[in-house]
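Here come two complexes built around chain A, the first alongside chain B, the second alongside chain C.
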Partner chain A sequence: MNASQSTTSSTKTPSTVRIKVKRQDRPDTDPYWQPFDVPFVANANIISCLQQIASKPVTADGRRVAPVAWDCNCLEEVCGACTMVINGVARQSCSTLLHELVSDGTGTTDEPIVLEPMSKFPVLRDLFVDRSRMFNNLKAIKGWVPIDGTTSLGSGPKEDQASQDMRYALSRCMTCGCCLEACPQFTFDNDFVGAQVIGQALYFNMHETGAELKDDRLEAMEAPGGIADCGNAQNCVKVCPKELPLTEAIASVGRQTTVHAIKSFFTGK
Partner chain B sequence: MASEQPRVIVVGGGLAGLAAAVRIAEAGTPVDLFSMVPVKRSHSVCAQGGINAATEPVKQEGFSEWNHFDETLLGGDFINHQPPVYEMAYWAPKVIDLMDRMGVPFNRTAEGFLDRRYFGGSVFRRTHFAGASTGQQLLYALDEQTRRYEAAGKVNKYEFWEFLWPVLDEDGECKGIVAQDMRTMEVKAFRADAVVIATGGNGVVFGKTTMSVICTGAAAARCYQAGAWLGNPEMIQVHPTAIPGEDKCRLMSESARGEGGRVWVPAVKDESGEWKPHPDAGRHPNDIPEHERYYILEEAYPNYGPTPRHGNLVSRDVATRGIFFAVQKGFGVGGGRMAYLDITHLPADTKEKLAAILEIYEKFTGDDPRHVPMKIFPAVHYSMGGLYTVYESDYDQPKFLTDIVPPRETKESDPSKGPHPGMVNGSPWNMMTNIKGLYAFGEVNYQYHGATRLGANALLSCIFDGLYCGLSVVNYVKNVVTNHAADMAADVFNAAVADEQAKIDHLVQNQGEVNPYELHRHLGEVMTDACTVVRTEQGMIDALEQVRDIKEQYSRVRLTDTGLWTNQNLSFARALWDMILYAEAMLLAGIERKESRGCHYHLDYPDRDDASFLATAVTEYDPEADEHTVMWEDVPTPLVQPRIRSYGKKETDDEQGGKKKAAKKKAAKKVARKKSSKKKSTRRKKSSAR
Partner chain C sequence: MCIRVYVPSHAGPAIVSQPEPKSPDIGFMDRHHFLLRRLHSLSGIVPVGVFVIMHLFTNAQMMWGQDETGESTFQHEVDFIHATPALLFVEIALWGAIAFHAGLGVLYMTGIVPNVMKYRNLDNWRYTLQRVTAWVALVFIFVHIATLRWRWSMFGWFTPFYARVDAETGWTHGGEAMALPLTAYALQYSWLVVVFYAVGVLSVVFHWANGLWTAAITWGVTISKGAQRRWGFMCAGLGVALTAFFLAAMVGALKYDLDSDMTERQQKALDKVVPTWRGDAPDSSNE
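Take a look at the complex of A and B:
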């Protein structure tokens, strides 16, 4: 379901909104659902609803329960922390506004907003998941520019505007995980790296000094879980909140990997 | 037991913390890095506009490191210490080069060199940027370098760990920390020969702020309770342009004005040519004709900078007051608390450079700022004040510095050149707090920005602290520390863990009726009313009374979650105590500072008073008596003498124009008085929080 499908222009503002939260007390316990009613405030986002629940954790049927745990920090869609599955779509809960989600009418019961944790990562508690796999994968592709050190050695390489444009677009990846949640090939327990890391591999390979490690990165891309596992569903690019050119990156790294594989074959390296 | 290699703990994974981790690890000293969030999600990502430096092309346009240094002092209204600011300004081009080498996608000129933009408080184009998400890009570059050292086993990351307390040995030296795993709730002590606090600002004390939810100031307040001093806690930056929101205020970067954006309000001129609020408050901004747009900052500051429109870029405290007073006089959009920030007239490629912030505006308001002026209002944004720190320089130190920094054994500078105007490179004392072995880097450090920080100086000061003073930490653990943490008996660490565990148990078991979130909202409202754009003595005294009442209510706080797994309620409620204490320190220093300076705009004392308050409010807390003491330490001015800030203000303006002339006269009088009566360099004044 696309979030925009549920957007309707409301003539009557509901006084409360029902939110159904998929909860899980611990990593090893079973999930369960709980409904909450929160006051509808124009321009409020999902985070402010969760803040209200944290302040008064009482379910719609009047039971006092433990507050819902979730991950967030900047609240302006740049830190990447607050990803969750909202009405079936992985997105940032800070930039998901209530009025996009509620239909007109009473708003209390007919169409609750459904919040779930991302399904591709281990749940720590409630909507809070452990995304360390994403950060570890950045280590595997040597996601850095191998500078000599921090002492002053003059400026970096000159760069044309087109290259900067592309690198800037790729560098806005906030490691939120939306692309991985949407990807049919990236699963809870396989080792596919997904669009996030492929995009970052291109980002570093495009930099003159970063390219020093290009061969290492492409070898990681040839390894199991690498770029060959991409099924080209192109879901990643549709859900990326920062509109990263992910399909271009996948195509580009795919070509680099092929060239690298052929070169290795002939040079025996 | 054989002494292990010294270790360093860095608390905080924003720009300052990561720059420190990289610099210290590079020097061969292992680092344990603690952060409440994965470091890549630190609040530095929210910085938008850019980073200042007088790089070579800037110099050829007539601007120099000295100008950068001088503008930073002027912005700070001259209570920034000059040697550290000097060092930062002269080091800035090296920071740009380094970040460029690390691969930061800085915007480029047509020929492929670094592009620059105008920014607040400067008449020169000296701000380097990556779109309008410069902080994010700089943080990512340092995150990547940190990952490199992590992969090499030189940096150990503890993400989702909350700093609870610094561990001090019997000599009062810092030897480690107690921290809590925010997932498993495990409380543990970690040993280190030096600890760097790089935990950012405290905006969440004010409730709604542009800061991230973890920016509570709790880490600094915990050090404060453990004996570290605060410097100028009353200095809080209110940014002129933010989008007011339900859960937070979202920053609209100064770069919007740096690229040519204009601030205006709907108005109409009466027969005498005076602006009056327009009677029809509900008009769409695009229907308002040019002659009914009152460009408040341009009209007030017509003589600032290269164009008549440069008034939009006056220092942030000045711009904030301009917008605030206009709204107070009824000029607010639709009669409310908002003004327009207009970039609709800019060319498409300029708008493209601002895409990152324009997208944020569009996502959160539904309006496209490319075609409709943005509605903005000032919001709490940055803490100039923070942990008090020292540094070593060739100049005579102010009193508190000499209490802490030992006299220099040898003057290393070349006598033919005179004293070095900056800091002593690699001195173990640079940016150390009054607790030996405990450093403060970045926003949590009170240095550099005085009473107002200039735009695009924050990213610089954070990275500069980490890089330049990282070496100081290395030299301290290698050359100064004799009693290594690894060799110490376990008692002091075990006791510190037991203390923290007892606090947690108390909070979890407390049977009160007070909701910590509601109490926090109340604290935020009190602080926003009393201690932001306009301050009065009575207002701050009343607020202090209310904060004390909040403190009393805190004893009856009841958690909504008493579980022992990923308990976010506990973390928040614990930080609320620290925010309350920090708020008291801000108000007390604000009450004691009986003058107006930078962001501290005091209606009862509208003039700057250099004779009495060219000084740091150094605040000390006595936990036994629950008492704060404000001590005043004069700020030496070895390089630049304070002057009146005008920012090209229009002479005829009734309100401030007259005031400035009076201020000049008064200042002259005070100087005379100062000469006749020899003033003590340090004044101590007790202010009970009880």
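Take a look at the complex of A and C:
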């Protein structure tokens, strides 16, 4: 692909790129760093760099090592599995292109590309993390529409366009964890749930049938670690690769919990 | 009912489960988590925030100086406040609200991971500054109340505040108008005091204006981006107004000349409550 090389014609295109990977052999061992050099291919993504490393797992100083492990699935930024911290920022390694990183501002750069696993989730191995916390939180807020039963429920209720637009935007969440990695209130071991599940609570509360479980969701949202622990740093909305309207979702669920709490103060048990 | 939002996984592919989350205090704090968080937010607005507006507005009157009898608009407002029935209870409620807001705030700050160096954007700076100014404001408000109101002497800095002092007896419940001279004396004690007050008050103003902005999101008042932006302008306007009040107060206190602006009776009254003022004030005390 020589044509692609000419896109950065005014600057020197490096023939290899140094990639520094934060590695960890087991969940309970200490992390360490290893540098790798991979051939520069314009338009390559980070996953293909990792594939290069996997096919020839030799460090920049010539040592043969175990290949770097990572997680991925869709390769088109819809599953969220490949999320890692790339040059300090959480994003998907399938949709992060190499030339965006090396021609950043200065043209070519001698700075290595730094890959780390997300810091807010337990590392299984190398860049592969366990994202169960997000899925467990989805269970806690009952992130589903209750339609199980033995009889036909008939056709669903009609939905207006505005609500559909909002819900479509919220439905794009791929549980990647970027919003949580960037959130100063969400830490490795506290119980804050973060923007991801707040967005999904709104998504299901806005669904006409899903709203049957609204009170349960709001109670989960009012529990320790719920929405009240958001500090409004609004990093989540800026890093979300699927551009969910997270701050609007947080404010909406904030309003729902306010109303719910006042109602249950006066009418609850 | 208390539903724990996070349930550690024992199923699924997880090889290592997330550590058990640390809650600040299992029990009362957890059971009333949401209520306490909302009361924390509310207490910053009413009464603390509203009081700050009144306080800074009152202080701004110092800019107008005093007349030849020592009376001033500032004095008039201070007298008005001091005439509030059951003032001590109002004060105690206010101190209690500040302590509640500060105590919970400190607790809520434990464990957070500010990351403004990684995720550099204005909102993240606001978030971080809100927490930095919280600490500054906490120290500032404590020193401010302790020195002026409780009349502690801190590091030899003795600057008691009395609205009126009798020039003959030193009785502090009537007599000469002393609100302006005593405030001027406190601020002119050293340039360090001026810096301390500038940093302290501006921190309080930022914390209040920004807190009002985020509270509207927290309570679900401003939902859309447009609403958040419009409310942001209003909060910024409040911040600018309060900063202007503070500057007016500062100018008023600094331009007041203790040697030539006080009436003779005010000087005598000052002798009663701060006998050292001639030697200490102003500037000669920097060492």
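Everything below uses one rule, namely that the second predicted complex is superposed on the first by the 244 of 269 C-alpha atoms of A that agree within 3 Å, B and C clash if a C-alpha of one lies under 4 Å from a C-alpha of the other, contacts with A are read in each partner's own complex, and residues count from 1 in each chain.
FYI, a contact is a pair of C-beta atoms (placed from the backbone, for glycine too) under 8 Å apart; a residue touches a chain by one contact, two chains touch by 3 or more.
Note that this is a predicted model, so its numbers are computed, not measured.
Within the superposed three-chain model, A:P122 lies in touch with chain C and out of touch with chain B [touch as defined at top]. Within the superposed three-chain model, A:H207 lies in touch with chain B and out of touch with chain C [touch as defined at top]. Look at A:V41: by the touch rule set out above, it reaches chain B but stays clear of chain C. When the two structures are aligned on the shared chain, A:Q164 is found in touch with chain B, with no touch to chain C.
In the superposition on chain A, A:K139 makes contact with both chain B and chain C. Of the two partner chains, chain C is the only one that A:G226 touches; chain B does not reach it.
Contacts of A:Q256 after superposition on the shared chain: chain C is touched, whereas chain B is not. Touch criterion not met for A:A60: it reaches neither chain B nor chain C. Residues common to the contacts of chain A with chain B and with chain C across the two structures: 124, 132, 135, 139.
Of all the residues in chain C, the ones that touch chain A in their complex are 1-9, 12-23, 29-30, 33-35, 37-38, 108, 111-115, 118-119, 121, 123-124, 126-128, 130, 214, 217-225, 228. Across the interface of their complex, chain C is touched by residues 27-28, 88-89, 121-122, 124, 130, 132-133, 135-137, 139-141, 182, 184-185, 187-191, 193, 197, 216, 219-226, 228-235, 238-239, 245, 247-248, 250-259, 261 of chain A. Taken together, the chain A residues at the contact with chain B in this complex read 25-26, 41, 43-45, 47-48, 51, 54-57, 66-67, 69, 72-81, 94-95, 97, 124-125, 128, 131-132, 135, 138-139, 142-147, 149-150, 152-156, 158-161, 164, 167-168, 171-172, 174-175, 204, 207, 209-210. Interface residues of chain B facing chain A in the complex, by the touch rule stated above, are 22-23, 26, 37-38, 40-43, 45-46, 94, 96-98, 100-103, 105-108, 110-114, 130-131, 133, 136-137, 140-141, 144-145, 147-148, 150-151, 159, 183, 212-214, 245-248, 250-251, 356, 360, 363-366, 467, 515, 517-518, 560-561, 563, 565-566, 568-569, 572.
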